[in-house]
Amino acid sequence: MKTAKEYIDSMREMGFEIYLFGEQIKNHVDHPIIRPTMNCAAATYELAEKPEYEHLLTATSHLTGKKINRFCHIHQGLDDLVKKSKMGRMLGAYTGSCFQRCVGMDTLNALSMVTYDADQKHGTEYNKRFLKFLRYVQDEDLMCDGAMTDAKADRSLRPAEQPDPDQYLHVVEEKSDGIMVRGAKLHQTGAVNSHEIIVMPTRAMRQEDKDYAVAFAVPSDTKGIIYIYGRQSCDTRKTEEGDMDTGNILYGGQECMVVFEDVFVPWDRVFLYKEWEFAGDLVEKFAAYHRQSYACKAGIGDVLIGATQLIAEHQGTAKASHIRDRILEMVHLNETIACCSLTCAHEGHREPSGTYFVNPLWANVAKLNVTRFPYEIARFAQEVAGGLMVTMPSEKDLNDPTIGKYVAKYLKGVEGVPVEHRARLLRLIENITLGMGAVCYLTESMHGAGSPQAQKIMIGRTANIDRMKGAAKRLSGINGSL
Amino acid sequence: MKTAKEYIDSMREMGFEIYLFGEQIKNHVDHPIIRPTMNCAAATYELAEKPEYEHLLTATSHLTGKKINRFCHIHQGLDDLVKKSKMGRMLGAYTGSCFQRCVGMDTLNALSMVTYDADQKHGTEYNKRFLKFLRYVQDEDLMCDGAMTDAKADRSLRPAEQPDPDQYLHVVEEKSDGIMVRGAKLHQTGAVNSHEIIVMPTRAMRQEDKDYAVAFAVPSDTKGIIYIYGRQSCDTRKTEEGDMDTGNILYGGQECMVVFEDVFVPWDRVFLYKEWEFAGDLVEKFAAYHRQSYACKAGIGDVLIGATQLIAEHQGTAKASHIRDRILEMVHLNETIACCSLTCAHEGHREPSGTYFVNPLWANVAKLNVTRFPYEIARFAQEVAGGLMVTMPSEKDLNDPTIGKYVAKYLKGVEGVPVEHRARLLRLIENITLGMGAVCYLTESMHGAGSPQAQKIMIGRTANIDRMKGAAKRLSGINGSL
Amino acid sequence: MKTAKEYIDSMREMGFEIYLFGEQIKNHVDHPIIRPTMNCAAATYELAEKPEYEHLLTATSHLTGKKINRFCHIHQGLDDLVKKSKMGRMLGAYTGSCFQRCVGMDTLNALSMVTYDADQKHGTEYNKRFLKFLRYVQDEDLMCDGAMTDAKADRSLRPAEQPDPDQYLHVVEEKSDGIMVRGAKLHQTGAVNSHEIIVMPTRAMRQEDKDYAVAFAVPSDTKGIIYIYGRQSCDTRKTEEGDMDTGNILYGGQECMVVFEDVFVPWDRVFLYKEWEFAGDLVEKFAAYHRQSYACKAGIGDVLIGATQLIAEHQGTAKASHIRDRILEMVHLNETIACCSLTCAHEGHREPSGTYFVNPLWANVAKLNVTRFPYEIARFAQEVAGGLMVTMPSEKDLNDPTIGKYVAKYLKGVEGVPVEHRARLLRLIENITLGMGAVCYLTESMHGAGSPQAQKIMIGRTANIDRMKGAAKRLSGINGSL
Amino acid sequence: MKTAKEYIDSMREMGFEIYLFGEQIKNHVDHPIIRPTMNCAAATYELAEKPEYEHLLTATSHLTGKKINRFCHIHQGLDDLVKKSKMGRMLGAYTGSCFQRCVGMDTLNALSMVTYDADQKHGTEYNKRFLKFLRYVQDEDLMCDGAMTDAKADRSLRPAEQPDPDQYLHVVEEKSDGIMVRGAKLHQTGAVNSHEIIVMPTRAMRQEDKDYAVAFAVPSDTKGIIYIYGRQSCDTRKTEEGDMDTGNILYGGQECMVVFEDVFVPWDRVFLYKEWEFAGDLVEKFAAYHRQSYACKAGIGDVLIGATQLIAEHQGTAKASHIRDRILEMVHLNETIACCSLTCAHEGHREPSGTYFVNPLWANVAKLNVTRFPYEIARFAQEVAGGLMVTMPSEKDLNDPTIGKYVAKYLKGVEGVPVEHRARLLRLIENITLGMGAVCYLTESMHGAGSPQAQKIMIGRTANIDRMKGAAKRLSGINGSL
């Protein structure tokens, strides 16, 4: 297993083509906007080394029997699923941010099942290829990006109906030694912090869309892959002097637009190709796992609740009944998120491939709550924090020889607490409710792993409404049974 | 184990003193208002006999190794806790009502821990007495009422401060062979369907309240115990001809005011007496278990969702997007309830006594959601059902030779569905959202196992806010640790 | 203008054909279930006589210049519209129930505009006929039922597509002196408390539905009209001895299924016939007025808030911060309802006919809030009231010589408040949140004047989204204008 | 009246002492962060000149009979109050931001009443002084900042209890020609866009706090006043090249910390001093007016709804039923805000001073809704907008010669809409839900004009709960009256 330092060193060796604010970035590892996001990913290596987190962050490979990072692991039992939920929350609280590595884990697990199922039906050898790749990932302790969302252009059109055929990533040429692909994947979390990028289709496909039914993995710095870094609320604060105004002084999230401009994929890295009827299954399997992963938001919720409680104490309001009520409400909503993610894990099951899969109904319920509760929690945090969160002068003002004394005097809270602490906490709350953290805690909670309507649709498909109808018939005196 | 018939026969032999509508009820077993509630309790016996429910409804006694009804069981592992949650939901769906037997189960489990802990501290022998009683309950397969809520009069006063000392049940005389108690327990669910009544204090006590710190069990028909039956919305529909207008044609819930007018309790049935510092602990332990028990509301939610889906189909609206949306929202909220109850079970732990205890934070979160979501689910059910639910003529009108034809003609829905089905489903939805079922699905969801504020207080006590504060400090640059 | 007594006497003289619980009711005026609903209607006469309510309950006829009951009035200015909203809330608080007369008022006002508009287009004389009828209604101070909702059977089919042509009320024969109609109107509020019944179409019509595009008025006891009384939650409590358990001891609501079995309508009572393109307009105009009318629910909210505050005082919890918070939340939601109803009145306008019409956007917004907030208010009321609301013994138990003393002892609240007061308030809260009052306060709030989706659709039609798009374009730098 | 250009020129002549990011700003008028906020204020001048807005933006002075800007006007009737609400919404839609001038208007109106009332009681001449000042403001068409919120330090302590006496602004020296004051006012909206700053106490005072009971006005650039500019989410985007990434290319909001370091106020500018019993009244009067002013948020809501509808059209999702539903829900919530603000105006009344005052109950209800609904509207906007809002590359990337073509290709929406439009709309939605606009639309909605708990307290004081209790008593059979 890699140490955090080894991980970061390995990133230096990658030859990414990255653009940010219209400029190509040569040393992305030390870039002030990118580095905090890499620190997040590095935390998944760092904590795996610490004895107190080992039980969560590591697992035993079913391929090699070796200790591996859990993010490279294929779930071998319910305990693995449960630990995944708990690891997510823990890391969310540790980073106050998106640590980006879950998407790769979820992709690996989904592929472990769907390649197996496709092989069973079509006599293909996708699973064999996949397991070879998996072993490499485990042995090298790699971080993988799982790339799903296509550009889509007009969303009311299917892939093959789009005027521009590249709006969904597709195979443009089939060669003897592999395939050439073109297209783009949007919203790629942790893209330039990853060693490998694993591509999946973004939706269920029909016969006519079969060139779009492709899954594969390539090293993230493969020729033809271009990363265009997405900007976030308050991103440039990371480039300012000082650290206070960033709110979260250590970590951040990252999303890129990833362009595939005729990228070559050798056959042994192709995990699905033209078996269009498995595209939807791969999406659903990945999505269910990834919806479970949003347990991390309960961890960010922990940070926000902690900050909110502290700021109330600093301002002398912590004992007011209405403030106390808001904080308990935040806890309640946050724990409800945690419960749903844990339940879909505890109530998972074994699939034919041997991989353990979460309960898909409850995974979707978990995520649908995540599209709502963080917004309420953030609102309560802002209520308790007070308006100062958005009117406070900058760190430079606080430290200024001329006016710093005024800022310090008039931002003081209760006796005995440094002004700087109050300022830092307010910036952290700003970060999570409006700034870079809000990208992750709010908007990503809404759309990551699928927008809320996608969850509703899956809830409709997985709930046993027929059984409910039977119960209603029986009790009302219509012939029916539970 | 008793069969359902044996249970009902055993009820006939009890000598209860019951009053209903100002009259003493002699044959309560066959009383049209009481019998449906007894059918509910009987279902806990009936299903224990059925192979398909045996895994949920039965367990192996840790005292005797015999197969016993789960409602008499002391949880011996996490699996027991999880099955309890699942059994509750299943029975909720089976009865569409409150089956009343969980309160006794939760009382037995709480006493199994607290009697042990009290003995450890005080050298008393409460646990030994309790285990003897437990074995009797298990061997005879008895239904127990757990009686907690006192009358309280002015709730801003503590027990010993009340002008009338009987407002909290207390010991009025200590004798050589036992104690005499006086007071009343309100809201006693399933009281006259129970063989035994187990009394607990209703709140934490102080030294000065020690005469109120008493727990014991007596047969439910002990001399001096008077049951005054509480009335419910639409209760007298059970006494009308026909069954359609009752909505739930089989089952119902029951709550009584139970007066203890100088009731004698022999020493071997006394499980706590004057150890006031354990009163609060007993309340909290019982409450956490009982808050888990509200998984049953997800079962009633199943019935309501099933009825709502059916009525939409009958009315030709099931495919309308807004109707579909409401039903999926109902499912989502209902499954969120289920998730929280399951999580507090899966994440329980072993107490010193050997009994497994639910995670109290998540048990409280579960119940707090139950005080909210059923009201929203009921609102959506009414939205989909339409106004007919409250304007439909009676069963007598539908069957009337003169006007029945009009009722039938103008209540028709889509082709091919009998009018009677529509009427029955609307009455079932009325039952659960306004009638006898609403008592159980709404008001009891609000106040049973403690009102929402009680859950908020416990959430505040059990959440690890210090850890959250540490995380916030670390990320904002104040010295802190996760 | 009629006095309340004269109104009730006039009801005695009507020859209705009414069925209730399968029996024909001969003296409906003194029927224990019907009379409280008639008392509600009578209140609209009674208060018109009282000086302190005269400004709200009376108006000056634009036809005759005489003082008339406002319920017979055509709005002649914004002040009339505003007084209508205030009258509704006041009467809601006075009766705690549905006083039933607004639907006739709203029908008269809608017809005053649509008959005028149809005449302008088609050269018909509907408005002349209507004004003659209106003058009769004003002179005699009549209560009118406005009948809109058809049976509809399969709601996914249009009128002319239904297998049974009578599922929407329609003209079955055209005669020299009038028309014969057949069909049924459901959910008819206050039907057997009305002198006249005014029929309207229930939806927009197309050419092929033109036989369904009919509006007219007939005396409510016209031959061929049959009233089948709808049953409500807890309706039979009105037939029990005592009054306490009814909760609202004075008033109640009423809905009937009204069957038109070949009813003759003379031409001078026909206000629309075959001009199908005005059917939708009539529905929308009526609906907007009627959605304004739901200001009455703020009045019922007043009653519920008052009862909730009193019960908190009786139980010693009124000063607890969480209880105080719930009551203020109830007030806030209730006043929001009131604000929206007032705004659509204050911001109304004059139509070509001279009638003043409410702002339709805000009338729909008002009603959409009414489909939500009463449910939340009711939930808070139940939270504050406590579980006793659904477990309390009956009035007979409280008055029983044997057990009444126990009931009284153990239902006592704070010192100095009679137990009976506590019981009466709990029954009132039960009435409004689960019983007869809940039919009116909850389900009718949901579906009366159209279900929530109908309001959403109208909000979409009446909001100026193009203007909003212009503002967004301008600010984002796309060519646009406010 | 000043033109917009004259207003901006007048700002150039002011001698403010302003600090931003630790530097003193000399030419604040042209500062890229400050100028957009000044443009907002200038809009209140600009639109007053335009015929189509004249009816909203201008009024007739009751002092001089001249046409004046409405922001300098004392409300002389209900029509003035209503136009104020409508002007607020219109300007909110015009600027998509906080135009800052309402706080001065609300301060002037509150002082017009409270100075009068204080004079009536104490025989002082505050009103005379005030009217002289008012006339100057009207004649010169000045923008005034109303300064209320003190620093407060430990909020659980009263002014006179604070260890640092300056935590509430107070009089430090009384001179023959005036007073010297010291302290600070936080969150001062539009401070450095104002000609005058009017100071008020921030809370009700007691006898011992009388030195803190002071109200006065001074020119904003008076010696001793120091402005420390508060930073906002994404503020530095205004300093970047291009305009697209700012979202709102024209306008922005502004809040400053304003330090009063021994500032001299001549007697004729002192409007309250030591009459501590009027401090609370001034706060409440100002607060009620200012809570009405939040009608502007309905205008920002208009912008956000417009942007959301456009982005749905650009992405091909506008006809999906769930997208349509979210947009209608946004409209509904937004119009509910508008209704409440309008009602408190329509239902205002004349105070003894002659000034018209809003209905305080409904003004508080209006604001309490504003602390909630914008957050929900913002959430729905993010749901419809999709994740691209937070992952989209920068304007520089879109315009880059190398990679711009990829960005353009893969950000395309439906045919026929320029990519730039999509990008601009997403940035506008980002602005209002996370960026500079969110400061104004969300956090300011929460805390401006007082935090939600302040509104709840005022709702409790102004609602007629006794009348509600009377209604409940009467209907339940306890002696009571409506």
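Which chain is which? They are A, B, C and D, in the order written, and residues in each are numbered from 1.
Criterion: a residue touches a chain if its C-beta (ideal position, glycine included) is under 8 Å from a C-beta of that chain, and two chains touch if they have at least 3 such contacts.
Source: prediction; values computed, not measured.
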Between A-B and B-C, the pair with more C-beta contacts: B-C
CA centroid of chain B to CA centroid of chain C, Å: 38
Rounded Å distance, chain A centre to chain B centre (Cα mean): 40
Set of chain B residues in contact with two or more other chains: 322, 325, 456
Arrangement of touching chains [line / ring / star / complete / other]: complete
Of all residues in chain C, those that touch chain B in their complex: 19-24, 149, 151, 153-157, 163-164, 166-167, 184, 186-187, 226, 228-234, 236-237, 240, 245, 255-257, 259, 261, 315-317, 319-320, 322, 371-372, 375-376, 378-379, 382-383, 386-394, 396-397, 399-400, 402-403, 406-407, 409-415, 430, 434-435, 438-439, 442-444, 446-448, 451-453, 456
Contact footprint of chain B on chain A as seen in their complex: 82, 90, 93-96, 243-244, 247-251, 302-307, 309-310, 324-325, 327-329, 331-332, 335-336, 338-340, 342-344, 346-347, 361-362, 365-366, 368-369, 421, 424-425, 427-428, 456, 459-460, 463, 465, 467-478, 482
Touch list for chain D against partner chain B, complex: 321-322, 325
